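Naming follows writing order (A, B, C, D and E), and every chain is counted from residue 1.
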C-alpha cells in the first residue's frame, strides 16, 4: 500500500513538474522543475527495483545534464526572457493533436499492455549485475558510446569553440552575412 | 508490487507532455528540455518492461539512452550557443532565413 | 541476449574498418591541431583513410555474426559499407576545395565525416535495435555538427538547429517505438524479432510502435510527411555536406529498415503496415516532385528530388524480396553517385554561401566550364532516369521488382511522378546550355584536381553502371539472397 | 568484325574523338563529322551486299548476353522492315552535315557531336532485337535532339524543346511500364527471362492486360508519329529546330513511331490491334485531312511542311493498321519516301532561310528568277511530296491507299482526298515563294544555292526518281518480312474479301497475247476466303 | 520497233533532259534543234511502229510490250508496259504529228521569249508524258502519263511565272485535275478490289465475263468519268481550262485543244466495255457532255478575248465528244477528237498568229480588219472556222453529224438520247454563231487598235504559217477519214477502231444507224449551222461591235452574266474554297490551340499543386515538428 502511495505521490510530482516545464514562461523555472520531475522519475526507478539506475538518473540527468542546461541559460542570460505566446494555430493544433495522441496511447496501453501476472520474484538490477553484463555482452555498444561521446565533444567544441562568437561575421568573400 | 502498466501509463503521459511542449514552446532550450522529458518517459517504459520480463536488456537500453541524451545535450547546447551568437536569441521562430 | 565470453578471436578483425576510421578521425583532429600550417594535407589523408578502409573492408572482412548475434557482416553490408565509403570519399573530394575556399578547413570536418561513416556502417551491420540506434545517434551527432560546420554562415547554423531539433524529436519517437516493440516481443534483437513474428500475432500496440519507429526512420529518410526539414537543411548546410547528407544516412536507414521489414515479413501480409509504407512512398513521390518543380534554388530542388527518390526506393521496399533488396542497393549506389555529383558541381560555385544557389548561377555554365556542365547534365539525366545512365537502369530495376511483386498501381504513380520530375531536371540542362548568364552575372567556379577527380568518378560511375550493370546486379542479387536466407 | 555493330557504334566513336578537337578548328570538325558519317553510310551499304533475299527473319544477327539475369541481350538484326529505314538514317546524316556546312556558327563541335550521337541512337533503335535495348536507344535519341533544338534553335526554342521532350517522354515512360509488365508475363509463361522481341511474340495476355499494354505502347508511338490529336509538339519542334534537326526529326525520328507500331504493337497485341485498328485508322485519316488543311493556312514555310508531315505520316499509320500486305509495304516505303521528300523540303527551306532569315511566305515571291536551280530542286521535292507518279511519293501513297481500301474502303476514300489537299497546300507554297512578280528588294539578289547544298540534294533527288521508277528494288526486299508479320498477327491472308473476290473471276481464260499481264496482275497467293457483303457496301459507299 | 515501244516516249524525254540541263547555256539554236529533232523523232518512231504493226496484225489485236514489272505487292501493282492497238495508234499519230507541227510553229512564236529553252523542255516533256498516256497498257501506267501531262500543263500555263495570273491559273489547273485524279485513284482501287487488275485488256475481260455487280461497275465508271471531267474540262470541273489560256498560245493549241484535254475521251473509249456494262454511267456521261457543250457554247457567245472564245469552244467541243462516248458511239467520239484536233489546233495557232501580229493584243474589241493585213492567217482561220461550225463536207461536219445521229438513235436510253441530241444541236448553233462572230470581229470591219499596233501589223513567218496551212487542209479533208457507211464501204476510222469495241453480251458494240434518220439529222444540223453562220454574219459583218453593245443595253444582266461566265468561279469560291479555308483556320487557331491548352493546363495544375504545397514549408521548425507529429497521429488513427 505504501508503495502505491509513493507511486502516486511521485507520479503526480513528475507530471506536475513536467507540466510546469511545458507551461511556465521562464526557462530557468522550467529547467529547475525538470530537475524535480527527474527526481520523481528516479523514485520510480527505485520502485522498479533499479536503484543503480535511479542513482544514475540523479547523477547524470539532474546532476550533469540539467546543470549544463542551467549553465547555458545563465551564460546567455535568458532567465528574464519570457516568451510571448504567438501562432495560435500552432498552439491549438499542438495541444489537440497531443491530447489525441496521449489519449490514444493510454487507451491502447490499458487495452493491450496490462499484464495479467505481475513479475514474480525480485528483479536484481544492482550495480554488480549491470556491471557484469555491461562488460560482457554489451561491450561493443559500450564502445560505440565512447565514439558517440567523442564525436559529441568534438562537435560541441567545433560549434561553440574557438572562433565562435564572431558576431555578424564576414564570410570568405568578405560580404556581410545577412541576418 | 505496482502493476507494470501504471508505469507505462505514467510514461505515456510524460511523453505526451514532452511532445506538447516541443510543439507549443518557442524557446529553443525549453523545447530541448521537453525532448529530454520525452526521452525520460521512454526510459521509464523500458525499465517497467525490463522489470516485468526480468530482462536486464531493457535496463541496459536505458543506460545507453542516457548516454545518447548526454551526447545530444552537449551538441545541442553548443548549437544553441552559436545560434545565440548569430542572432541574440534562441527563439526558434526567429530562425526562418530559409523557407519555401 | 545470451552470455558471450569477452572478445572472441576475430572480433577486432570484424570491426577493423570501423576501427581504422575512428582512429583515423582522431588522427586527423590531432593533425589539424598540431600542424595547422599543413591543412592542405588533411583531405588527402582523409581520402587515404577512406580508401584504406574500403580496401580492408573488401579484402579482410569475412561474413559472420559477432558480439552475440548483435552484429552481422554479410555481403549486403559490405555493399552498403562501400557505398558509405564512396559517399564519404566524394564528399571529401568536394569538401577539399569548398572548405579551402571558405577558409574553414579543419581536421574536425573530416573526422566527423568519418565517425558519421562509422555510425552508418554500424547501423548497416547492427542486428540489434540497440546497435542500430546507437549507430544512428553517432551519425546524427556528426551530422548536427557537419551541417552547422560553416559557423560564420547564418543559414548553416540555422540548418543545424533545425536538423538538431527535428532529429532529437524523431529520436524520441524511434526510442518510444522500440520500447513498445520491446514490450511486446521482449527483445530488440532482429533475429529474435523474426522468431517472435513467425510465431505470434501483432497487437495494435505493436502497430503503434511500428508507426512511431517508421516516423522516426521516415524522418531520417526524409519521407513525406516527415520531410520538411530536408530542403532547409540541405540549403543551409555546406554544399558538400548536403550532398553527403542527402545520400549516406538514407542508405544506412534503408538497410536497417530492410532488416526490420525482413524480420516482420511473416506478419506483413496480415497487417496494414505496408500500406503505411506505400502511402509514405506515394506522398513522397508526389510532394517531392510537385514542389521541386517550383524551386529555383538548386539545393532545395535537389532536396525535394531526393524526397521523391526515396519514394521510388520505398516502392521496392513494399515487398522485401531478394530482388527488391538488390534493387534498393543498386539504386542507393546510383543515387550516391548522381546526387553527390550534382551537389558537388553546385559546391563549386563561388558565391556568398548565405545566398541561395539559384538556377541563374549556372546559366551558360555548360559552355563556360565544359566538364562541370557535362557532369551536371549527366547527373540530371541520370536523376531523371534516362538511358544510358545508371539512373535509368536502377529505376528500371525498382519498377521491375515493384511490378513483379504486384504493386502495379504504385509503380504507375511512380512513373507519372517521374514524368513530372523530367521537367525540372531538364530545366537545369536548359540553364546549363541554352541560357546566357545575365549581364555581369557570371558566377565563377572553383575546384581543383580533387573536385575534378570526384566528378570523373561520378560521371564514369554513372555511365558504367548505366551501360554494363550486370556485375553490380549479380553482386547485389547474391548479397540480397544471402541476407534473406537466414 | 560484325557489320551491324560496326556502323552502329562508328558515329558515337567519332563523336568521342571529336570531343578532343580544338573548338577553333571548325573546318576540321565539320570535315571529320562528314567523313565519319560517310564512312558509316558506306559500311551500312554492306547490308545490301550481304542481304539474302526471301528471308523473313532477322539477318546479320548479333546477340550477346547483356544483363543475363533479366534476359536482356545486346541483340542486333535487320529484316525487311528495318533495312531501308536503317539505310535512310545513314544516308541522311552525311547530307545534313553537307547541307549545313555553313549554316552552324554557334558551337559547331557540339552540334556535330549531338548529331553523331543521334545517328547511333536512331540506327540502334532500328537494329535492336531486344526490347530494352530498343527502349534505351529510343530514349537516347531524345537527349541530343533536345539539345539541338534548345541550343541551335530559333527564337522560341526552349518552349519547343521542352514540349518535344515532355510529350515524348510522357508516352515512352508509360511504355516502359508496359515493357516491364510484358517481360514479366513472358517470364511467367516461359520460365526464362527474356526481352528478345521474338521471344516475347509468344506471350499470351489476358484481354484487359493486352488492351492496357496496347494502349501504353500505342500512346508512346502515337505521340512519336505524331498522330492526331497528339501532334501539336511537332510544328513547334520543327519550326524552332535548326535545319539539320528538322531533317532528322522528320526524316527518321518520326519513323520510330510507325516502326514501333509495326515491330511491337502489331505482333505483340494482335487481338487488341484488331479490336482498336478502326480507332487508329480513324485518327490517322483525321490526321491526314487535318494536317493538310492546317498546312494550307500556315504563314510560315517550315510550319507548313511540318503540318504536311502530320498528314503524310497519317498515311503511314493508315497503311499499318489496314493490316494487309500491300498497305504495310506501302507504309514502310512511305516512311522512306517521307524521309526523302520532307527531308529535302526542310533542307531547301533551310537553304533559303540561311540567305534571307525569314520563313514567312509573305516575304517571298518570284524568287524563281533569282535562284532558278534552287527552284527546280524545290519543285521536284514538292512534286515528290504531292505524290506525282514517277516519283517516290506516289508509289507509297498508292500502295497504302489501295491496300487499305480493300479493308476499309470509306477510310481509304477519305484519305485519298488528302491527295487533293496535298496539291493545294504545296502548290500554294511554291506559287507564293517562287512565282509572281519579284517585288521585295531583298529577294532581288539572293545568292543562288551553293555547291554543298546541291551536292546534298542531288542524291536525294536520284533516290526519289529511283523509288518512283523502279520501286520493286525496295518492295521485294521487304516483302517476306511483311508476309511473316501478317502470319504473326493471324492475318496471313493479306487479301481481304474484296480482293479474294477476284480469284473467282481470275479463273477466266486470260487472252493469250497478254498472258504476261495476267500472270503478274493476279496476286501471288491464292485465297479461299469467300466474298462477303463488303464489296457491295463498299461500292455503295464509294458511290455516295 | 514494236518491241521497243518505250523508245517513243523516251525520245522526247531525252530532248527534255538535254534542253532542261544544258538549254539555258547552250543557246537557242541548240534548243531548237533538240526540240525539233526529238519531237520529230518521236513522230517518226511512232509511224514506224504503226507500219510495223500493220504488217503483223490484221484484226486490230493488241500488241503488248512489257518493259519490266513496275511494282507488285500483295496482288496490287502494275507493269511498265506499252501497248499498241487501233485506238492508241490513232492517238499516237495525232499526238506526235500535231505535236511536231506545233513545235515547229513555236519556233517562230516563242523566238523572242526569254526562257525559250524552258519552254521547249516542257514541251518535250509534255510530249513524252502524253505518249505514255496513250501507249500505257494499264490504267495505273496510263495514270503516270495522265499526271505527267497535268504537270506539264501546270508548268506551261505558269510559263510566264512572273505574272500574277499565270501561276495562279497553273495551280488552278493542277488542283482541279487532282480532283479528277482522286476519282481515277478510287476507281483503280475498286478495280483492284473487284477486277483484280488495272490492265486494260484484263479489266475488260473480267468485266465482260459478268458476275461483277453492276453497282461496282457503275461506281468505277463514274469515278473514271470524274477523272475525265477533270482532264477534259467537263462540268463541273471545266473551270480551269479558260484560265489556262494564260499560257503561250501554242501550248493552248497543243495541250488545251488537240491532245491533253482529249485524254478523258480517250480513256472512256478505252474503257468502253465497262461503260457499256453500266448504262447509267453512260447516261451521266452523255448528259454531262451535252450540258457542257451547250453551257460552254453560251459563254462563248459573249467573250472578247480571242483565246477565251476558243477555250470555251474547246470545252463545248469536248462536250460533243463526251456525248458521243456517252451514247455509245465511241468511234464517233474518237473521230471528233481527231478532227477537232485539226481545226482547233489550227484555230489556236491562227489566233496565236493574230496575237503575234497584234504584238500581244488579245482583245478582239481592239482588232478588226486584219483580213488583208495577215492573209494566210485569215484564210486558214476561216477554213478552220468553216470546219468547226460543221458546215457541209468539212471535217467537223462529218464528225459532229455522226455524234448527233448516234445521240438521236442511241439504243441505251432512247428518250434521254433525244434530249442530248437537242442539247448538242443547240450547241452546234451557238458554235457556228460565236465562231463566225469571232471571225467577223477579228478580220472584217476596220482596225480598232492603237496606232503602233497598226504600224507593227505583219504576217507571221513561214515556220508559223506552214503548220497553219497543213492543219487547215487537214481540217477540210479530215472528214474523209470516216465517211458514213451509207455512202462509203472502204477504209474508215470507225471500221479501224472496231476491234477495240468488242462484242459483249447484253451490250451493243456499235450503234445501228438508219440511213433515213442519218440524212434527216444531217440536214437539220446543217441548217442549224448555216443559220448560226447567217445570224453572226448579219449581226457582226458590218455592224461589228455595235450589236454586242446593243445586246448589252437590251439585257445588261444577261450580258454581264455571260461575260462573267455565269459567275461559276465566284460560286465555287463562295461555296467551297472560302468555307474550307475558314475551316482550316479554325482547326489551326482553334483545335490546335485547344490541344495545347489542355497540355498547358495539366502543367499548370501540377505547378499550382507545388505552389500550394511549398507553403507548408514555412521555415519554422516548430511547424515541421507539428507536421511530423500530426503525421504520426494520423497514421496511428488510420492503421491501428
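Assume a contact is a pair of C-beta atoms (placed from the backbone, for glycine too) under 8 Å apart; a residue touches a chain by one contact, two chains touch by 3 or more.
None of the values given here were measured: they were computed from a predicted structure.
Common partners of subunit B and subunit D, by the touch rule above, are C, E. Any chain touching subunit B that also touches subunit E appears here: A, C. The chain with its C-alpha centre at the largest distance from the centre of subunit C is E. A summary of chain positions shows that the Cα centroid lying nearest the centre of all protein Cα atoms is that of chain D. Taking each chain's centre as the mean of its C-alpha atoms, subunit A lies 4 Å from subunit B.
Spacing of subunit B relative to subunit C, judged by their CA centroids, is 26 angstrom.
Centre to centre, using the average C-alpha position, subunit C and subunit D are separated by 45 Å. Distance between chain centres (mean CA atoms), subunit A to subunit E: 103 Å. Within subunit C, residues 1, 130, 134, 137, 141, 144-145, 148, 151, 154, 160-162, 165, 169, 183, 204, 208, 231-232, 354, 423 each touch two or more of the remaining chains.
Those residues of subunit A in touch with two or more other chains are numbered 87, 90, 93-94, 97-98, 101, 104-105, 108-109, 113, 141, 145, 148, 151-152, 155, 157-159, 164, 166, 178-179.
Chain pairs that touch, as defined above: A-B, A-C, A-E, B-C, B-E, C-D, C-E, D-E.
Looking at the complex, you find that subunit C touches subunit D at residues 367, 381, 386-388, 392, 396, 399-400, 403-404, 408, 411-412, 415, 418-419, 422-423, 426-427, 429-430, 433-434, 468-470, 473-474, 477. Residues of subunit B touching subunit A in their complex: 1-10, 12-21, 23-27, 29-30, 32-34, 36-37, 40, 43-44, 47-48, 50-54, 56, 59-60, 62-64, 66-75, 77-82, 84-87, 89-91, 93, 97. Of all residues in subunit E, those touching subunit D in their complex are 61-64, 66, 68-79, 81, 137-138, 140, 143-144, 146-148, 151, 154, 158, 161-164, 166-168, 171, 174-175, 178-179, 181-182, 185-186, 188-190, 192-199, 201-202, 205-206, 209, 211-213, 215-216, 218-219, 222-223, 580-581, 583-585, 587-588, 591-592, 595-596, 599. Residue ranges of subunit B in contact with subunit E, taken from their complex: 19, 22-23, 26, 31, 92-93, 95-100. On subunit A, the positions that touch subunit E within their shared complex are 87, 90, 93-94, 97-98, 100-101, 104, 108.
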